[in-house]
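For reference, the structures are reproduced in the following blocks.
Shared between the two complexes below is chain A, which pairs with chain B and chain C, respectively.
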Partner chain A sequence: MSLDQVKRAPLPERRAHRAAGRGADGADGAAAGHRRRDRRAGRWWTPWLFLAPALLLFLYFKFIPMANALTMSFQEVQPYLGNRWVGTENYATVLGSDGFRDAAWHTVVLAAGQTAGSMLLGLALALLMEGQGRRLGFVRSAAFLPVVVPIAVVAELWRIMYHPTEDGMVNSLLGLVGFGPSGFINDPDSSLVSIMVTGIWRGAPYDMMIFLAGLASVDRGLYEAAKVDGASRFQRVRHVTVPGLRSVFSILFILAAIRGLRVFTEVFLLTNGGPDGSTEVVMTLIYKLGLEQNRLGVGAAGAVLLFLMTLILTIAVHLVRRRESK
Partner chain B sequence: MNAPTETALGLTESRSPGGRLLKALTYLLVLVVFAGPLLALLVSAFSKVKDPTQLSVIPSAATLDNFRIAFDQGVLAYLLNSFFVVGFGLLLQVAVSVLAGYALARKVFPGMTLVLVAILATLMLPEEILALPLSLILADLPVVHFNLIGTLAGMIVPLGAWGFSILVMTEFMKDVPKELEEAARIDGAGDLRIFAQIILPMCKPALGVIGVFGFTMIWDQYLLPLLVATDSSSYTLPLALRTLRIDPDVTPGVVLAASLLALLPSVIVFLFFQRSFVHGLSSGALKG
Partner chain C sequence: MRRSRWIGAGFLASALILTSCTSGPAGADVEQDSKATLQLWTRTTPGGPGEKGTLALAAAFEKATGHKVEVTAIFDDFETKLQQRAAQRDLPDIVMNDVTQLGAMHEQGLLREIDLDKIKHSKQLIAQGLGSGKSLDGKQFGLPYSAQATALLIRKDWREKLRLDTPRNWDDFTAMAEAFTTEDPDGDGKKNTFGLAAPLSTKRGYASWYFSNFLWAAGGDFITEAGDGTYEPAMTTEKSVKAVQWFRDLGCEDKAIQPGAVTMDTPPTNETFESGRTGMFAVGPYLLPRFDEVLGKDKYEVVPMPKGPKDATVLAEGGTIYLMAGSENQAGQDAFADFAVSAEGQRTGMRGETGFTVQLPVNKTVDISEVRPDPRWKTYAEVYRSSGRYAPSIPNWSAVRQTTAETVNALMADCDLDTRGELRDLDKKLADILEEQGIAAS
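Here is the complex of A and B:
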């Protein structure tokens, strides 16, 4: 969806085009038909009537909450007592607290690890499973299943798989290749990585599907040419496939990074920030501040900062893309 | 038989026994890693699983006990809540999306760019960030002063408008030929009739796409039900999984049985509508 399409056909131009299309009718006929159509096409508010439900719902559940989050972040929110304006105090509290800095760091590490892991694994899967064939289609569908499984189920399943004793499912698999039992989500040293692995497991097949769609649009002729020139498989991927997927990379990067920054449910269900705060991310912290400790102003300030992080990331990637395409 | 087309790795052409073996091993590894855990879930839900270490793909003493205990724990009520939320949520979302899509695709009006920017903005606005103010608004809707906390409506209405569905609908409705609409207008049809009898019937594939995506999105909701639900009577099934797990009397097998019930609907929808799903996924992501 691009806005250019809207700009391309502004009101007068479109009408002129339509009138011209009538051709043989002559100018008068076109003008008359034009007036008649205007009447039939409804009043100016017809489109707004069609848009009303969507706009109303967006207003109530997106824009008003957003505005409220902004105001709340500058206030001490006291139900029944009235809110007190405290300026940037909430932001100072948030930025000055070790808890938030740790959570922000965990969030960034988790987002970066999940994004990189899902994209690399997704690309590898897509390259391995490109092409046609019924068996291939089956394997791809099966690999895609984690994406459609509700996140709450994914978390409960991995919780059981991560059972920290030797006979836990993942541990017994690790035991087969000679690695000792790991505490996974119960051990502060491995908890964040364990959540990351779960995230990659769910994210990689999604990236795989998008990469597969992108691979389909890479020019086959270039592969043939590379083959004639004696390029190895690696060189083909490096010089033909990867450049052909550039736009896919940046889109996936934005999507995955934003997904990573707003991570909540997996962490909430797998560790709820523990053990020892080793997996506390910004969203679980905000949830605790706001809904458990009732410090809504501070929580809102954290949310606004998180929003700014995602916004900056989105804009940065767009700018890089624009420069690249020039 | 069509000739295999050239791919990046050129694996499709490998007809040698070694190449085939390599391919088979790759596929097997992929299946084990991504489908394996789900298979383990399926098998364990039907086995006597007493302690969490016994998750296994090898069935042991098949039993329906887990499901029976799960139903004793009220899983059926949670499942019905989930179906209620996804049913009405999807109905609302599709209705809102086709109406908005019609205006954006078939009309040109001042303020249209602003509306599109606003819709795109909602897509960039992660719902998690709005959790706190949203929970306050749900407790007391501005102007009308409804309290949606503790009601299933509170999990449905906020999902009514989804930017993704609206944009998919808009794109699709743009492609309906102008001539059809013109002809109907000359016959004296108004906007509502053109919308319902001309445009909408031509958008069935797009309805499939937004239906499948809307279903998966609503079924996967966790944070919103968490904000809205006050007690177990309004829990959806995903939400109830955690309560089940925390309950000391409940074995992991029961949690897995409930998990299976929670994942089946979205998996079934995906398997049935794979085409729509993959199509929507690639068009949504690649068109940007």
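Here is the complex of A and C:
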């Protein structure tokens, strides 16, 4: 008998007393029982008390600014003259701007490309680096480096690599296989793909680490069974690994898609939406409208629209997951 | 459970109430305290020479007047951080920033009107500088403390090697740009040099900012005044179109602008000049100390911009002192503005090899040669006085600059675009901007 079991078992005397109490006065007994439950569960506000510091921080640094942004999206913002209500004019300005539809499309393309690319490359890296080997730890850490390098450094690094002349780093490699120098981020035709590649390079190792954690939970016996049944390496990955990682895929998809929709820093640092608006995304457009042109209300309206897009995507993925799990 | 939901709802409701409580106009009648320390924000790199120069100016001001000043240097996202402080109703007392920010800050009510009677040295200011601090309605909302204009930096050793004269007109300029691109001026046997350094990214409207030197020299304009403080778009006039076409040919036909210019802001563009990749750079005097150190004083020369089809008009810009709304020490604000534009303040601001806040003096009584005997500075001062032109003080010049930068960037990035078609679209956008700002000519 464990110590826990000893504690949980009521003493015979106490049990007898409780029975007597119930018999003598039912109401009294119920009240006593309620008090005991209270004592056991604590006051109703006890959990709130523990949560209060976090909630206050969230309230002040997240929810109040969010509510503020929502209010601002219906105003012409002039802090020292008094904000002026303009109804849905800011939303009309954002939605009616020439660049918004293009920016929204670029955002979706970039989010989809970076999400798919990062997941595929991350899975490939995870499959290559799965195992217990002593040197694998070092290799994994090295592969993870792009995630911990500051984005400003990443952008500068890729700017150097993308130098648009023959002596540029990537262009000299292309030259070896007979391709002419590409403009990369400087050419409207290739700029979006170039930024996508940078995003995949940075995002894939993050996905790799989560895939590695997921792979550890896949039953090894299934691999052996599949091997005995004559499955090829590819078939083992397709029919054992991928189904085993289904939950990892959906979590990564949500994370990567949200990250993709909110893409800003690499675009801002590498191209600032150019050349010829070819890499303009919703976040850079909001930044330009709100902060470079000092139209904070219009910027806030754009931010609310982006928030709604992200919310809809997240809910949609949750619904799909729930249906699948049923 | 139900109760916890109510509590959650209560939190959110409080947030919304708190939010709506903070959207009334700020009280203009702030209790005054002439001993309060003045908070001064300057747009310069923290820890850099610009900050040291501002600290020296603040120290001289403290010594002369007894007012205390606390200097904060911010370079990246200066306007964003200022907006954040505006949202908190806690603006610094004084801001030293670009003159082009005047319209936007004034429109948002961030600025206090300057009473020139309280700034006794304002009578010594150069007229065009003083004018740059006026809003569209003619009221003074900024006071210049420093001016700058664009001149042309040329690789002297390259020019002499190729036996070229300094360019006097656009034909000479094009010829030199082509020669620097094709005739291997650095003699390394590689085709790795280019005629002109140009930051043509859309960031902060750099493409438009740079191109304005050429647009105005051709007689073109982004927007043009149509009387009674109204404006109309002007990018489809023949002069504007020709300026765009000429500049575009430099990049698209002659390939004389550095590769990657369309995604470059100023730092990487500066590097192309100092690393010997580009041979000409149209820029203000603030880069001289940097290029002297990295490239060498003997390697380049400073000349006025060559004359365009119309004249040699160049972009004049400058640092402006803004007295911010809501200050509890307005007497201190006035005193600082007065000191900064006085001859003593200007000389203090110009001292030092690198750590100066005043590029070109705006006080008529100060001769730049007395403080800086280097003739290159004299060249800049003459260009500013004879050919400098400020951007108009419309309510929001940033919107015009940003929009025009996007079109210039597009035309330079994609050589297949139709110039006139793009400029027609740009004029429509500019018309909308002017309409939105309430200054469109009917």
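The definition used in the following text is that the second predicted complex is superposed on the first by the 273 of 326 C-alpha atoms of A that agree within 3 Å, B and C clash if a C-alpha of one lies under 4 Å from a C-alpha of the other, contacts with A are read in each partner's own complex, and residues count from 1 in each chain.
Here, a contact is a pair of C-beta atoms (placed from the backbone, for glycine too) under 8 Å apart; a residue touches a chain by one contact, two chains touch by 3 or more.
All figures in this text were calculated on a predicted structure; none of them were measured in a lab.
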Chain A as common anchor, with chain B and chain C clashing or fitting: clash
Chain B versus chain C as contact partner of A:68, first or second or both or neither: both
First, second, both or neither for A:292, with chain B first and chain C second: second
Which superposed partner A:190 touches (first chain B, second chain C, both, neither): neither
Which of chain B and chain C A:273 touches, first, second, both or neither: second
Comparing the two partners chain B and chain C, which touches a greater set of residues in chain A: B
First (chain B), second (chain C), both or neither touched by A:159: both
Partner chain in contact with A:78 - chain B first, chain C second, else both or neither: second
Chain A positions touched by chain B in one structure and by chain C in the second: 44, 48, 55, 63-64, 68, 159, 163, 165, 167, 291, 296
Residues of chain C defined as touching chain A within the complex: 3-4, 7, 11-12, 14-16, 18-20, 22-26, 77, 79-80, 83, 86-87, 89, 91, 104-105, 107-110, 190, 192, 201-205, 259-263, 265, 268, 325-326, 396, 398-399, 402, 406, 409-410, 412-414, 417, 429
Touching residues (chain side chain A, partner chain B) in the complex: 1-3, 5-7, 9-11, 14, 37, 40-42, 44, 46-51, 53-55, 57-58, 60-66, 68-69, 72, 125, 127-133, 135-136, 139, 141-146, 148-153, 156-161, 163, 165, 167-169, 201, 205-206, 209-210, 213-215, 218, 220, 223-224, 227, 233, 236-237, 240-241, 247-248, 251-252, 255, 258, 261-262, 264-265, 269, 283, 286-287, 290-291, 296, 299-300, 303-304, 306-307, 310-311, 314
Footprint of chain C on chain A - complex, ascending: 44, 48, 55, 59, 63-64, 67-68, 71, 75, 77-83, 98, 159, 163-165, 167, 183, 185-188, 268, 270-278, 288, 291-296
Contacting residues of chain B [partner chain A, same complex]: 4-12, 26-27, 30-31, 33-35, 37-38, 40-41, 52-56, 95-97, 99-100, 102-104, 107-110, 112-113, 115-120, 122, 124-126, 128-137, 141-142, 157-158, 160-161, 166-167, 170-171, 174, 185, 188, 190-191, 195, 216, 219-220, 222-223, 227, 238-239, 241-242, 245, 252, 255-256, 259, 262-263, 266-267, 269-271, 274, 278, 281-282, 285-288
